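Encoded as structure tokens, here's the structure I'll be asking about.
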Amino acid sequence: MIDWNAHLIIGPIVLPMIIASAMLLLDERRRTLKAALSLSAMAAILIMALVLLHESANGAVGGGDTARVYRLGSWAAPYGIVLVADRLSTMMVALTSVLGGCALIFALARWDRAGPRFHALFLLLIMGVNGALLTGDLFNLFVFFEIMLAASYGLALHGSGEARVRAGVIYIAVNLTASLLFLIGVSLIYGVMGTLNMADVATRVATISVDDLGLFHIGAAVLGTAFLIKCAMWPMGFWLPPTYSAASAPAAAVFAILSKVGVYVVIRLSLLLFGADAGASTGFGLTWLFVGGLATIAFGTFGLVASRDLSRAAGFGVMISSGTVLASLGVGDAATLSGALFYLIGSTLACAALFLLAEILQRGRESDVGEARAVFDDEYRDPFDDEERNEPGLVIPAAVAALGGAFLICTLMVAGLPPLAGFVGKLSMISALVGVGDAAAWTLAAVLSVSSLGALIGLTRLGVGAIWTRDEDAPAFVVGAAELTAVAALLGACVFLAIFAGSALIYTDHTAAWLADPQGYIHAVLGGGGR
Amino acid sequence: MSISFLLVVILVLPFLGAIVASGLPRDARTSAAILSWVVALVSLGCLAALWPMFQDGETLRYEIPWLPSLGVNLVLRLDGLSWLFSALILGIGALVVLYARYYMSPKDPVPRFFSFLLAFMGAMQGVVLSGNLIQLVVFWELTSLFSFLLIGYWHQNPAAREGSRMALTVTAMGGIALLVGMILIGRIVGSYDLDVVLASREAIQTSPLYLPALILLLLGAMTKSAQFPFHFWLPRAMAAPTPVSAYLHSATMVKAGIFLLIRFWPVLAGSESWYLIVGGMGLATLLLGAWCAIFQHDLKGLLAYSTISHLGLIVLLLGLGSPLACIAAIFHTVNHATFKASLFMAAGIIDREAGTRDMRKLSGLFRFMPFTATLAMVAAAAMAGVPLLNGFLSKEMFLAEAVASAHTHGLNMLLPALATLASAFSVLYSLRFIHATFFGPPPTELDRIPHEPPAWMRRPVEVLVALCLVVGIFPAVTVGPFLKSAAVSVLGFDLPYYSLALWHGFNVPLVLSLIALAGGVGLYVVFGKRINANPRGGPWGWKRLNGGWLFERTMTGLFKGSEAMVRLLGATRQQPQLRAIVLVALLAGGLAAIGAGLVIRPIMPTLTLSNWAFAGLWLVGASCAVAAAWQAKYHRLAAVVLMGGAGLASCLSFVWLSAPDLAVTQLLVEVVTTVLLLLGLRWLPKRLETIRLPQAMEKRSRRRRRIDLIIAAAVGASLAAISYAVMTRPSIEGISRFFVEHAYKDAGGRNIVNVILVDFRAFDTFGEITVLGIVGLTIFALLRRFRPADDTLSNPSQQSVQDASDRDHETRSEGDTLKETMLIPRVVMRWIFPFIILLAVHLFLRGHDLPGGGFAAGVALSIAFILQYMASGARWVEERLAIRPIFWIGAGLVIAALSGIGSWLFGYPFLTSWFQYADLPILGRVPLASAVLFDLGVVVLVVGATVLTLVALAHQSLRKPKQRDNEEGELS
Amino acid sequence: MMELVLALAIGVLSASGVWLLLRPRTFQVIMGLSLLSYAVNIFIFAMGRLRSGAPPVLAGDVSDPARYTDPTPQALVLTAIVIGFALTALFLVVILAARGITGSDHVDGKEPDA
Amino acid sequence: MTAAVLPWGLGLAQLMLTCAMGLAAWRIIHGPRAQDRVLGMDTLYLNGMLLVVVFGIRTNSQLYFEAALVIGMLGFAATVALAKFLMRGEVIE
Amino acid sequence: MPYPILSLGLFVASILLSASVAPPSLALAVLLALLAPIIMLALGVGRVRVKWPMAIVRLAIDVVGDIVRSNWAVSHIILGRRRHERTSGFIHIPLDLSDRYGLAVLAIIITSTPGTLWVEYESATGRLLLHVLDLVDEETWVRLIKDRYERRLMEIFE
Amino acid sequence: MTQADVPAWAAIIVVALAVIGSALSLLGAVGLVRLKTFYERVHAPTLGATLGMALVLLASIVWFTTVERRFMPREILIGLFLTVTTPVTLILLARAALFRDRTDRVEDTPRKG
């Protein structure tokens, strides 16, 4: 009776929401049921994402790229809100579901019991991310950003403890400020354009009156600032490493995608609104994206090299990866962007894996465990106490080797060394940059290479410190099967991506081409349908 | 199956072996060795099977697509040169495996060692078999990686960790440079395919990118081949197990750089810059390595520096740029691999048997292990370039080239002399190696009596030494064909004339060779004692110019510098972060405004009384806001009240400016926020104005405040200007027209704002309530772990005073004051409860047509609950009403979601609304809209989330006494 | 007139808000965020231009857009109010938790070094 | 007549109410006691509510009734909370 | 109907809120009048018994008159006409009324009348502390409160 | 009925009520500022909260009754609720002030019991 395929695109948003809210109706102690529910939800989302991905990879029936559009409430765009699944958003949704799934599996080992309502918050975070990726409406984007952020506040503070709360205050303050900037930007754009639909705004950009142009640009600039805060661009991203490294590992892992949502939006809007058809606005802000991206890479690299613990390094890794994509976007070349998109996937997966690994490797050395536990002394029980399975898992014989291998793969990915996906990304970016061949491109290529080296040096130091510098009689690493599965899955995805890099690159090439010509998107969104 | 499939076999087999070996149990030393041995031999067999093809200089290719869009595919390409290198890798690999089986201790996880070794072998194979530049880089970096793992194999040893990190850092740096260089070459040529590149000498050499590409490529090659000034990692890498040194640091990895130079020799060599850089580095390395080798006390250290020196020799040959020199280079590469591997193995045997590698402790070992000693002597002689051994032949070729090129270039005048000097050094250290170890009195400082090693451990050395001899005596028969095939694949078919023979007649090179031999012996006789006595094991006058030391300083500087940069460019505290954000936003807006111009066209104000009233209203609002900003530090309550004032002003503006819905909602939220802030104020410390900061801090903070004030004023001015600009602009024909026109017709509501919220843009509302729910959950989670600060643990002073005064009166009992005070408020607040419910129901039901709606109704309802809490306390309320806010949150979300999904049943997208006028008996015509159901979800959720937030906070006071009891209990 | 007043109001509210936002005490920051959200709410609202006495509630069957003020910004403000309220509550609880755990109400969780 | 009286009269009323709000705000800002501030806020709310009612008359619109009612009925919740806080140091016990 | 007065009040309020006497509004009003008091039952609020409905009306009229009068008086005070001779202060009034609803109504009356303020009531002694803006004669105030309001409230509620 | 159709007498009544009510409110606010002690100041706003409010609400009732040509006494609700709720705040405030004064041992504070 219901044409499920027609509603497929909203699945990644509504499904986690329904499951999460249904979980709220359940008693907190029914953990197995909740775990099963959220796992199956994530699996379902993954499947939906893959179906969408498959569809967009193969293009429309008649050939050529198009986007799947879903008109909420049957109202036609630009009046109602639309969801748009095009190459870019589908790719990001698929990435989110892979990442989310792995983080969730990791959490099942013990983190989901470190505080109430973990699963609900987690699924709502996924909902927020997917919504932000899929929506085609500026204000709706704000709403989903807020869902994503609200859930991320919850997850960042999940498990409480001094470091988390301390970092959380700054994280929330910064993001609330960003949200206000977001609102100012969106409303200013509405004030000049009279519309909120991205595609509709795009159609009006070229014909905007001279009087309004300045206001529109201010709006776009402020809006961009808000997104760039989320991307953790220098000098607005100092909150990221402390927050992510303080957060519980699965939360940090899934947070790796949050900054990428910011990056996604910047890519989306800058190419949609300021593309070749934008008249006087063409190329607006690209220079600043480039400069900011470079600064972010540089700062992230310094930070990574200077890091003394792994999760912090992973946080800086996230910054580097954001900066790389932003700077590549700033170059304004489709081939570079294609490489950057590929790199984005790989680096996100790698940073997430690094967060997970960091937690395993730092386990037992955590100095703030005592402090964190002190917080729990009240009438509620210690979250880890009431479980029969207190420890995260079993001592797996080859744990050190497995972890070492995993760490090695992460390092290769983050540093962009061969043979994994990180390398392919950097390779395609650099070769595209060499093709562009202007001073900016050379600079970026150089910075990318140096940053690779920096990442390698920093991570090697940390890895040698964490894995090799252990006493012979030190207790073996304790790893839960779920944790190992999660890490293996993430790294497996990296390997998979490397093996099928050819197809993936073709996908990103087409994506970059699709983004470079926003007419396809605009036609898909505004072309007919709805009340 | 095509024969080129064998290429895949010899590439993949080592990796497969590595995977299998890594899965073997920890103590499976022998099986891992056998596995590795079989892998190496089978690969070697395959290679041998392919040999017939290459006698004629053919090329074999096998292509697997990988990244077609980048022109990067897996191309396996075998020609004479790569065949030779591949044979070297596999052959010496097989010998090393055999040797390692006996060398490695059973206590080590040996299978892992073999796994790494095989993986390294595979990576090396990948380098030499690459037919694609990028693929070459991939395997190149893999060799760095596996060498890192192999060097750091004994990671309990700090030297091993440091050495491996250094090797990885240096070689990976080279690898990254190489990658960029390859990309440049690919850019010049238009393809990454090796065959295409090799055919494009002209294009490459004339390209403006030639020099950068060359430098980057050389960076890769020179770091790998430990050329000065990147040589320092190699001696540090001696912390590796000896089989690793024998394999990586003599025969294979360091030769990867050489291989690269030879591979690209046809297209890159011949230019001035090539000559200067490659030749210069080679020469410097040759001399420096030899010089340093002389002074080493560690056997492996000596071998490492001698390796550096010999690699320098090969590089120098390649740098000379003449085809003959190139052939000599290839030849010496092979020779060096054989004698150096055997020497390393011998050193390992000595280490294993004597327990030390320090030449000062070793002495007269010949009597304990004559066989090994003989082997070592032959190998050392080959290294020294003694006739009848292979080293002699290639050294002769080198000297000949040095002499021959002395006329070609001005700078080459010294070359013969320097070459001879280096050869003399080489003789000197070879002699020292042998003499100090095997001759002289029996050793005194050993903790064990040395023996001959197990026979099978010696076998590999024997094979290699035999090779040295055979090649040395019958070069043309043994190595000739292979060398020729390799040379052909580099130089093409018109090879220059060269003769592989022991005796070329009495000529200049021979004289130089003899001078070098005699000089070396002579030097040892004169200086040997002093060298052995030199305590530091480094050359004289050699302290600061030590690459390793510099490298470590650089690394420390890098870490320290990065920390400094992070401190300088970053911020950990909140204030600078927010300041940066605000400034960036200002700057971004400002730049945009400058770029496109901000046009403001003021309109004349109309001065009516009502407008003055509006202005007055905002005079109040603005002064409240400013006062709140001013009071928020010390008078928090005042700030809360003042905020309320500013809030009220904005509510009234909404009334004024035709937004009744906004006014109602903002008012309700205002009330709840006030209660919320007050609940929070309970847990914040009292701040007193009297606390003064130190003078210096005061000054700094005053300056900061001044800056902040300027920033704040700038933000205010910009926002005011922008908003004024927009407000005075004519309205834009936008989407709103549609909403006005269709709200009633198609969505059945008169209140357009509400229709937008529950229908046109219901998805926003859907998201918004989700935010509310999430926040509720988060607050709940946080407060479960809430621990109040010590100074807020006790009851507020008011309560303690009042309770105390109650206790002091005999007629009163504790809590009477509270009861009496709240007597009247309780009555009012309880009886108003049903009326607020009434109001909420009205707001909800008529929201579609009149101001109100689900959110307003929900907040009103929750205020009703909160009033009860305030009046009677949390316990009283919760004993009577089952408050399950989380359940409500869940229920609200489920209702909202299901009402959205409902439209799927009718084949419409999510949240498609439906409305109808129903004629009911008695009641008449009643509008029914499905959006009401959605709004119901909103109400339920809002009540749940708001009540949860407030109540969870309120509950903290209830928990507090319990905690204090516990603490008192612990104290007593 | 109203435009000018409202623009100035936005200016003053946001300036006060930003000033507080940049202060070191958590309570000041939360106050600043609240003031800023007032400013932003009014800003959003102002983007629909100002109309007095033309509330967007349809009277009769007339739906002549010229008779009503722009309803869209109002809907946006409503959403923004709700979200702003929720996040203020959340931030408040977080600063309370931070105050409890760190013992300080400084935004960095510790008093500045002298 | 109506057209002349209404704007002036009601404008005057509005202006007076605004002045009253201003005075109340003065009291809030100046204190000196916390109770004074709360009292000022109560007055502010009251006058605000009256302002809404007068505005309703002026624009001949009943749509603002809810706003006035909400202030009248629920505005006291805020001041009660403040007063309770002053009285007991805690809003909800 | 556990709380008839409340239900009546709710019914009227609902009608007023709807500003309509159309059948749907009436139905809603009845529904709410019947359902909303349930929450009072849940809260366990005691029922109110009122004896003299007419007394209520008379009291209300008097109160309105008092309010108007004291408005006038207080206006004078504020405008500063009688600043010098005026003293304000606290007075204690012993109350016999003990019904909480009666007390509540009394508190509302006293507080709503400008010039008098209900400050403190001690349930044990029944003593009420009042603040009066224009305290000329303490005894007059005590009489006024006791005779004019308290007695009539006791008639109604007790 | 639109604004202009309202008869002049009604308009005058409405305006008078509104102006007097507002004036009373203003007077209350003046008292809030002018009176010397807190206990005195509490009395002042009651002017606006009782008669002032009532007059303004009456103005509204008269106005809408005239405009709609039917009795529109909705504002009574506001009046009732305001009357009932104002004392709650004032009692609590006065009581809090009293306690504060007792703790601080301010002169002229009535003793307890």
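Chains: A, B, C, D, E and F, in written order; residue numbering restarts at 1 for each.
Criterion: a contact is a pair of C-beta atoms (placed from the backbone, for glycine too) under 8 Å apart; a residue touches a chain by one contact, two chains touch by 3 or more.
What you see is a predicted model, and the numbers here were worked out from it, not measured in a lab.
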item	value
Those chains which touch chain F and also touch chain B	D, E
Contacts common to chain D and chain E (chain labels)	B, F
Chain occupying the most central position, where position means C-alpha average	A
Averaged-CA centre spacing for the pair chain C and chain A, given as whole angstrom	28
Gap in Å, rounded to a whole number, between the CA centres of chain F and chain D	9
Separation of mean Cα positions, chain E and chain B [Å, integer]	73
Between chain B and chain D, centroid-to-centroid distance (C-alpha), Å	59
Per-residue overlap in chain C, given as positions that touch at least 2 other chains	21, 26, 29, 43, 46-48, 52-53, 55, 57, 72, 79, 83, 86-87, 90, 94-95, 97, 101, 107-108
Chain E, residues touching no fewer than two other chains	13, 17, 19, 107-108, 118, 120, 122, 125
In chain A, residues with contacts to at least two other chains	139, 143, 146, 150, 153, 157, 160, 169-170, 173, 177, 184, 188, 190-191, 196, 375
Complex contacts: residues of chain B adjacent to chain C	572-575, 578-579, 582, 602-603, 605-608, 611, 614-615, 618, 621-622, 625-626, 628-629, 632-633, 636, 639, 643, 646-647, 649-650, 653-654, 656-662, 665-666, 669, 672-673, 676-677, 680-681, 683-685, 687, 694, 697, 708-709, 711-713, 715-717, 719-721, 723-724, 726-729, 731, 734-737, 739-745, 750-753, 756-757, 761, 764-765, 768-769, 771-772, 775, 778-779, 782-783, 785-790, 792, 849-851, 855, 945, 949, 952-953
Sites on chain D touched by chain B in the complex	7-8, 10-12, 14-15, 17-19, 21-22, 25, 28-29, 31, 34, 37-38, 40-41, 44-45, 48, 51-52, 55, 58, 63-64, 66-67, 69-71, 73-75, 77-78, 80-82, 84-93
Of chain C, residues touching chain A in the complex	21, 26, 29, 33, 36-37, 40, 43-44, 46-48, 72-73, 76, 79-80, 83, 86-87, 90-91, 94-95, 97-98, 101-102, 107-109
Residue ranges of chain E touching chain B (in the complex, touch as defined)	6, 9-10, 13-14, 17-18, 22-24, 27-28, 32, 36-37, 39-40, 42-45, 100-101, 103-104, 107-108, 118, 120-125
Of chain B, residues touching chain F in the complex	798, 801-802, 805, 809, 811, 821, 824-825, 828-829, 832, 835
